[in-house]
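You will see two complexes here that share chain A, one where it goes with chain B and one where it goes with chain C.
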Partner chain A sequence: MRREAIFNTALWLGLLAYPVWAWLGDEPYQITLATRVAILALAGVGLNIALGLGGLVSLGHAMFFGIGGYAAGILASHAQSYTPLYDGAFTIEGTQNMLVIWLVAVVAAGLVALVTGALSLRTSGVYFIMITLAFGQMFYYFTISWPAYGGEDGLSIYVRNWFPGLNTLDPLTFFLICFSILSLALLLSWRIAGSAFGLALNAARQNEDRVRAVGIEPYRLRLVAFVISGAITGLAGALYADLNRFVSPTMFSWQLSGEIMVFVILGGVARLFGPVAGAALFILLEEVLGGVSDYWHIWLGVLLLIVVLFARGGLIGLIAGQGTGQATGQRKRAGGADD
Partner chain B sequence: MSLLRLDQISAFYGPSQALFDVSLKLEKGEVLALMGRNGMGKTTTIKVICRMLKHRSGTLAFEGQDMARWPSFRAARAGIGLCPEGRRCFRNLTVHENLVAAMRPGDWTLERVGDLFPRLQERRDQGAESLSGGEQQMLAIGRALLTNPRLLILDEATEGLAPVIRQEIWAAIARLKGESGLTILVVDKTLKELAPIADRAVILERGRSVWQGRFDALDAATRDRYLGV
Partner chain C sequence: MSAALFIEQVFNGLQFGVMLFLMSAGLTLIFGVMGLINLAHGALYMVGAFAAAAVSAATGSFLLALMGALAASAVAGVLVEVIVIRRLYARDHLDQVLATFALILIFSEGTRWVFGSFPLYLDVPAALAGPVMLPFGIAYPAYRLAIIGIGLVVAAALFFLIAGTRVGMRIRAGESDREMIGALGVNISALYTGVFALGAALAGFAGALVGAIQSVQVGMGEPVLILAFVTIVIGGIGSIRGAFVGALLVGLTDTLGRVLLPILFSAVMEPSAAATVGGALASMAIYILMALVLLFKPTGLYGGAA
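Right, the complex of A and B next:
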């Protein structure tokens, strides 16, 4: 636990220091890389609540990421063209205010998670994976064939959305916004893992009947976890749209769901900072190996194999050991063997 | 009104019938011993009460409410706290986490459980799987108590444990009865240890409730007939 706390602190400080160093050296591209790490880590923190804590292998999290992205893209596009989003009995205008966009992204992703979760959580195992995948693909094909918002070509956000009192066009400021949200999400995730809710969720992954025997219905626990998880990933999608100033159906693609899962596994499933370590490693590999060869995913695959076969605690497990993780007691993760 | 009442309950495992018209009732504040040899239906009866197994006919009620359609978590919410047979802790959590995960507001708090089982206090941050069998049993009882039940069910609470640990657990159960007046349904085979705490007894024989009455009215002939080995 101690080693993990030290490593987590170092990782947190490192992620904060890197763009500041890049800013001093006038390297805006490096700041953008760090921002990508923060945003992808945020998406991973969301997935980790479902996957790590709840044992829910969701291959549909790109759905929430995409919904967040499109919430930002659609609201901004209406604000840019001065056309109302809805003009009937009352009028809904578009907006470029990040606070409003985030709220819409979180609520929309949360609601979709509630509906898709309510249906898919009635299944488990491979069926759950397939149903979440199917929901994700439904959104993917829907956005492709939705001409109002660019269809396959996606939507551009010409000027990055604004945040009251801050200059979001400045890369370092935007990084700090993303980093702050990531930090808050990590705090939330930590509080959840140590709460009675999180512990019961963790216990339900191991044995549902025992959890029922103490008066808790696993289905409800998982649904709540799935909604929180989807909402956080949705928020990451909204930030990602602002980082790229562009949204497209690829945000909904199942490859992206897979990538989020890959770096959560690389970093350490159910470890608080697993998604952060994984996202950093993922971007690092993409930069380093991607510069050497276009086929760097092969090496990512090899690394993933090694982690899954030999280092099941991921990067954090490797560095901080397999000890009882903070408050989550991650001894037997990923399904955990029963008695 | 009885706290718990079973009338003519029959239950099946697939095609084979495990309970035949089992009837019993439990009054508030009493300790009832559910007895019988192995395989006579004690644990099956518990499973029906906790709604882990659906009964096929008969009625059962908790505080006058019909439980027939309750799912298992509802029974626990209503106040039936089960300490199941065997070592059924959440093995991937620590002692403290096991207790917190199950906790519901009420008279029973972490401090009270710690006071009842000081060993749990000492091993607070240890993983549940690293505990000895006796400690796991204490944890299972503590966890059941923290759900703040109105009826505590102890299924073979001391089976397979060392004599010293057994004594410790029975002493704790006696304290529960004495101090909190908790209603307890205790399943066990050992007369000697049940004697100081049990008010009444129900004996099951081949899935039927064949004898019930005051515990001290259990005579030698009945004991030999239904409980002797």
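Right, the complex of A and C next:
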């Protein structure tokens, strides 16, 4: 584990140092790339709580990412047009304050995770994968067919939302905001993994029957994990909306769910910094291979195949060796509907 | 809405459902026999459609195009099974999801590389181009009617194959106890390749048939794949009969929902609002259907005990 700790520290410092170096060299594009890594890693950290700790293979996490994004987009669009969001017995105004937007994004994504999770977790194994995928797709089609907020065309945020006391229009400042949130989420994820809740969740992944035998109900643990997971990914979505100043139904697309999962796997499942390593590798590949060939997704696919078939620990597994937190070995999950 | 329009929409729903069945049957068979979740099934659907478009452009014959689609998707299925899928049977679902997601990336970008990003078109065969007059003065496109017929024939053949032939017996035996039939001298490896190729061919066939109604383009497989997932979740994973019932339910719910919901809402609100609310709700209808089925039967209509 020592090598993993050194690698994690190096990765954390590297992700912080790179945009500062780019800022000194006056290369704002590189800062944006680092910001994307931080935000996508945050989405991965969210998924990793469900996937790595809970063993819940959710193929619908874009749903939370999209909800966070639309929370930011909708609140900002009402603030920009000075029209209230709701005007009835009481009035809800839009806002461009990031703190409020984040709160709304986290609560909205958490609520959706609560409802979809309560339904999906009634099943397990392959049903769970398909159902989370289907719920994600449901939101995708809903945003396309609901014209109030741009429908298929999406919604623009003309001026980036503001944060009290900071100039968010400055790329480096915005990076540091995202980076701080990522660091807090990593801290939270680390604390969860070591808590009684995290241990019970991990135990439920490894052997559901034994956990039940000692009087813990896995369903509740998983639901709580799924809600936390969805809320963190939702927060990432809100930041992503601010990065691009644009939200569209593609934030809900199943490809994005797949990509978030790819970050987690490329880095290493159930590794604390797995999503950070994975997201950094993904963006690096996109920049390097994308420059060489328009069809770089082929090579991403080949790489992913190789990692899945031959290098199961992902990047961190290669560098730090087998850790104690290894998820899902070559066995199938016990107690699934499929076996 | 007139009765004629309603009946026409029912036919559309049936046609959609029958196509979904061809996709779902392969998925559910592959899952039932090999325990594999295959996200790349939609890619095989796309392969079938592209093969049909290419053969049709070269020869002008729709029949040859269908043959080409069957052959190309079956061959692609065998290749994928031997090179990649075979290594995944003993793995957990997460690995299967990731590896088949990787296959989607490779297939989609590979197809874009070969055929370009522009959609191709596949013409409906001349003999089936016009409408057919049905009783009650309903004119319905002959090709769509033919799809319903072909789909039902394929479904019947598949039921017969599984329930009434020696190969089907082995497939069912493989579902219940793979080690035992291996011990009894059945070549499991060849059986699995065969089942995968059969599923791939069904998907490719569906792709070719639908390709003549819609455009043939990269990424056409995944929306259908997700609908096929919804179908087999509703029907019960591993059950061909469940896939059939689920496919018709999804096809009819989706098609009729899009027509009826806006009309239903227009009774209580103004037309433009009704179109919006009804349309948005219709796009979610099958997922709501799925959620309802799961509430009452978490393993689907024809699924076994959890």
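One rule holds for everything that comes next: the second predicted complex is superposed on the first by the 324 of 339 C-alpha atoms of A that agree within 3 Å, B and C clash if a C-alpha of one lies under 4 Å from a C-alpha of the other, contacts with A are read in each partner's own complex, and residues count from 1 in each chain.
Rule of thumb we're sticking to: a residue touches a chain if its C-beta (ideal position, glycine included) is under 8 Å from a C-beta of that chain, and two chains touch if they have at least 3 such contacts.
Fair warning: this is a prediction, and the values are worked out from it, not measured in the lab.
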item	value
Which of chain B and chain C A:A113 touches, first, second, both or neither	neither
Touching partner for A:Q206 - first (chain B), second (chain C), both, neither	first
If touched residues of chain A are counted for chain B and for chain C, the larger one	C
Partner chain in contact with A:G215 - chain B first, chain C second, else both or neither	first
Which of chain B and chain C A:Y141 touches, first, second, both or neither	second
Touched partner set for A:V269, first chain B, second chain C, both or neither	second
Which superposed partner A:W254 touches (first chain B, second chain C, both, neither)	second
Set of chain A residues, in rising order, touched by both chain B and chain C	327, 329-333, 339
Interface residues, chain A side, partner chain B - complex	196, 199-200, 202-203, 205-207, 209-217, 324, 327, 329-333, 336, 339
Contact set on chain B toward chain A in their complex	50, 52, 71-77, 81-82, 84, 86-88, 90-94, 97-98, 100-104, 125, 127, 129, 143-144, 147
Touching residues (chain side chain A, partner chain C) in the complex	51, 57, 59, 119, 122-127, 129-131, 133-135, 137-138, 141-142, 144-148, 254-255, 258, 261-262, 265, 269, 295-298, 300-302, 304-305, 308-309, 312, 327-333, 337-339
Complex contacts: residues of chain C adjacent to chain A	31, 35, 37, 84, 87, 90-95, 97-99, 101-106, 108-110, 112-113, 222-223, 226, 229-230, 232-233, 237, 276, 279-280, 282-284, 287, 290-291, 294-295, 298-300, 303-304, 306
